[in-house]
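In order of appearance the chains are A, B, C and D, and numbering begins at 1 in each one.
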Amino acid sequence: MNRLSIELPGLQLKNPIMPASGCFGFGKEYGNLYDLSQLGAIMIKATTLETRFGNPTPRVAETAAGMLNAIGLQNPGLQGVMDNELPWLEQFDVPIIANVAGTETADYVEVAQKISSAPNVKALELNISCPNVKCGGITFGTDPQQAHDLTAAVKKVSQVPVYVKLSPNVTNIKEIANAVETAGADGITMINTLVGMRLDQKTGRPIIANVTGGLSGPAVKPVAIRMVYEVSQVVNIPIIGMGGVANAEDVIDFLSAGASAVAVGTANFVDPFVCPNIIKELPAKLDALQIDHISELIGRSHP
Amino acid sequence: MNRLSIELPGLQLKNPIMPASGCFGFGKEYGNLYDLSQLGAIMIKATTLETRFGNPTPRVAETAAGMLNAIGLQNPGLQGVMDNELPWLEQFDVPIIANVAGTETADYVEVAQKISSAPNVKALELNISCPNVKCGGITFGTDPQQAHDLTAAVKKVSQVPVYVKLSPNVTNIKEIANAVETAGADGITMINTLVGMRLDQKTGRPIIANVTGGLSGPAVKPVAIRMVYEVSQVVNIPIIGMGGVANAEDVIDFLSAGASAVAVGTANFVDPFVCPNIIKELPAKLDALQIDHISELIGRSHP
Amino acid sequence: MIIQDRMTVVGQRQIAKDIFEMKLTGKLVGEIDSPGQFVHIRVSDSFEPLLRRPISIASINSDCNEMTIIYRAEGRGTSLLSLKRAGDEVDVLGPLGNGFPVDETATGDTAILIGGGIGVPPLYELSKQLTAKGVKCVHVLGFQTADASFYEDAFSQLGETYIATVDGTQGTAGFVTDVMKNFDEEFSTYYSCGPMPMLNAVQSAYEGKKGFLSFEQRMGCGIGACFACVCQTTDKTDKPYIKVCSDGPVFPAGVVSI
Amino acid sequence: MIIQDRMTVVGQRQIAKDIFEMKLTGKLVGEIDSPGQFVHIRVSDSFEPLLRRPISIASINSDCNEMTIIYRAEGRGTSLLSLKRAGDEVDVLGPLGNGFPVDETATGDTAILIGGGIGVPPLYELSKQLTAKGVKCVHVLGFQTADASFYEDAFSQLGETYIATVDGTQGTAGFVTDVMKNFDEEFSTYYSCGPMPMLNAVQSAYEGKKGFLSFEQRMGCGIGACFACVCQTTDKTDKPYIKVCSDGPVFPAGVVSI
């Protein structure tokens, strides 16, 4: 028996560990360091209809136990991803979750339709929560009606299950979660980054050229855990949890909070081997908790 | 010339440094450690109409570069504060900002009216953002209309300027800020804590007995700075900034972001002398930045 | 008086599984006034971990301004503390709280000191002071297992010492209460420190006796300002609640609702 | 190949105001293939500070698997690094990026190496390798002030060395360009590393010459995955953009839009 396997809509995961979108490119760089087939899945960098250069630099800044980023969805565009990135990933025995971004419904729909036809794309992650682009992105993720409608439109064309990535920058995340579930989402991924800022000591000006950036890393974990806990109790679709995961203990926390799998973002920069390391450590952690299968952890925190 | 003095509605501050509400009790304990007259002001623990015991324990949990708390507004009640706490504080040459909390408009109004008559209370801080109580508190702080109406009601009875303390757990904090300004608020204090959670590794259950708690400390500073930056550009009333301030550099950041003064919360637990230490360090920091008066820093980050 | 002291590590050694004994020197030692007081230690100069750790004072040597603390290196903070070497400096806030009242037991009387796990350390200074005063001390110390037990010899030098281990690898198999029940010496006072279930069992077993219990709570400030460490009281007192950090950690039996 | 190595600190010393020279040993050294490559250093085992710090390799000694880095201890991360002592371990990811091309200067030719501040270190290994190959190296090194300057002797042993300090306390008063303009030796290649305004000035001064510049950007991953360190390119190349960490940090003059 594989004690770590998890089955989710569209995804047969060897284990519930996957790199988070934007923190792993399209896999090539980490693929030079270890065998990507070890991973539960890979969430690739956000893909938009056209090539995007993204924001000016500096694009990252460090904060207490966290970092800000404002990459601005730089990516080679749908065609580039379909032609160069996804085929390269086919050599690995690992399901790909394609992160889909856009500025209006029409481009989300077009990207979703085409990218979901790639043979190794097993699910989409609808990015309605990127705080670093001027139009689209987060605006869809902060209004339940818009989140609903976009999800429904993408569901109509996608050939694979659709997970919707929620923004934590909202008063009531349960409302957004309910809206996307009603619209037919197959799962939820959460959380994207919290909007934050860092200033330069000398000049007082923002360090990130885009002024604000998205906060990620261990600092945000308590907020992420709380939101996964809340949302998992009001929806019937599975959650892939993320926000500050850096070790096996964090994975256990996210599953306990109600997630069915976990994505690792920022921690890849701190330790490029963090994903395989966590996968290796998990069985011993299950032993210590006297648990046979990792799925037994899911929702342990619930009342 | 006092290079650190700041004048705000109701408040003549020797310097812009004050302990944040709930992190300094009513001053007695820190008063045993140093002379409280050094401080710019003191924000006392939230006061409610009746005595409150607060939440069950554990009430605090540590997180990466931060902490969660769910004290639940424990306090001796209006009468106790008026009879025992405020008179004791009169021996110090320091203005008191009274943090006012409640469950409905009527008790906010009653507390505000009475406590604003105390001779050393120079301003009120209307706590519409406490995430740790079941009713009242944060519900007023997440809805612009309710925030407006409560502010207006309190303004009508208060004998001193009213600052409203905003919650960061909202989609659009500018909207709430505008609402309380329109209602007549004399200033804004921000941010209160972000709602978060920590689970026990072994049991998977929440560590905080109240399940969720408020996240504070250096971890939240990037969110606080971003919100002060945003709000200070849309209101014409001053802001007292807080969230993760632990040293003189942090103070400079908050002023640069647009705050006119700064409160220090969690850092008092890490270093009980943090407030006087910061006050001592500030002049050298101004020298290094070649600035005569600290007020020159306010809003340096703005475009 | 409470002071913030940059104390110097004089020595550190491991004395049992995960258990470390650290000796620190600094002027804070001169401020300690009763056994069972604790200190609040900042284990790192960074914000990780953020909060101070409350650790009891296990013994003091006023002649050389030294104090000993004994702690279990389990979580992030205490693990970092266990890496300090002689010569390193540590930021210590203290002494905090009110300790065990030595004067509640008269010279010539017998006192029972009951400790569990990392609740054992503060009883050592208490026993030293009681013994010095001419009180006969009997010690009942409970541990998980033999590997985790410590200071048996030190306590034995001060008085009779009984050990209980949950797994029976040392002394009586079971809990401190299993030692206590086969044990009918007269005593005038008991003092106890350990996990809540143990304090509860001890208090029930010695219902009606004069006793003093030391409590633990998660703390923020450690000095009484933040209301993190509050416990509800029983109707045996008219305080509406107590703070473990500044009113305690030691309370007369029956005061704290457990 | 990029590896993650727990390297051992062999020695550390301060060589100028806030400037430290650290020697590290580990198998990573065997993977270095060109001068100007860098490593990504985790300065703490905690999450504070979180990100790795990119630092250039200043020189290598393959015989004993040792490399030297030289850095300014200014912010939180580098200050922590400066506290490491011989025997401590440091988590190092590298070697990263593509360094200076030694083969772009023919034996017997002259190369000018222009460095500013903490951009000076990688030029040292470059000069060693060029000199070893029979290239004549001329060094122009700029610093803020005499107190902050370092390695003048080391460079002098390899070739002519000119220093410029902004405040005139050592060498020419002013910038490296002030040295360069009084200076009309023939050279075939220039190599430069330093702050952006310096690179800009050097590139303009030597417009049309063959040159290689090493760039800095704030980094996330350091290996090409996160798109943090991207620079826009000029129309002299058909790449739409470059990543400093994996395409660079060294680029031929004219490629990166500055």
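In the analysis below, a residue touches a chain if its C-beta (ideal position, glycine included) is under 8 Å from a C-beta of that chain, and two chains touch if they have at least 3 such contacts.
Note that the structure is a prediction, hence the values are computed from the model and not measured.
Chemist: Using the contact definition stated above, find the chains touching both subunit A and subunit C.
Modeler: For subunit A paired with subunit C, the chains in contact with each are B, D, in label order.
Chemist: Could you tell me the distance, in whole angstrom, between the mean C-alpha positions of subunit A and subunit D?
Modeler: A distance of 36 Å separates the two centres.
Chemist: What is the distance in Å between the mean C-alpha positions of subunit B and subunit D?
Modeler: 46
Chemist: Show the residues in subunit B shared as contacts by 2 or more other chains, in ascending order.
Modeler: Within subunit B, the residues that touch at least two other chains are 63-66, 217-218.
Chemist: Taking each residue of subunit D in turn, which ones touch at least two of the other chains?
Modeler: Residue numbers touching two or more other chains: 47-49.
Chemist: Does the chain-touch network form a line, ring, star, complete graph or other?
Modeler: Basically all the chains touch each other, so complete.
Chemist: Where on subunit D does subunit C make contact in their complex?
Modeler: Result: residues 44, 46-49, 76 of subunit D touch subunit C.
Chemist: Which residues of subunit B touch subunit D in the complex?
Modeler: Per the touch definition, subunit B meets subunit D at residues 64-65.
Chemist: If you look only at subunit D, which of its residues touch subunit A in the complex?
Modeler: For this pair, the touching residues of subunit D are 1-2, 4, 42, 47-52, 91, 93, 217-232, 240-241, 246.
Chemist: Please name which positions on subunit A make contact with subunit B in the complex.
Modeler: The contact residues of subunit A facing subunit B are 63-66, 68, 142, 169-171, 194-199, 201-206, 212-213, 215, 217-223, 225-226, 229, 244, 249, 252-253, 256-257, 289, 297, 300-301.
Chemist: Going by the contact rule set out above, which residues of subunit A touch subunit D in the complex?
Modeler: Spelled out, the residues of subunit A in touch with subunit D are 22-25, 28-30, 32-33, 45, 51, 53-54, 57-67, 69, 71, 74, 217-218, 246, 266, 268-273.
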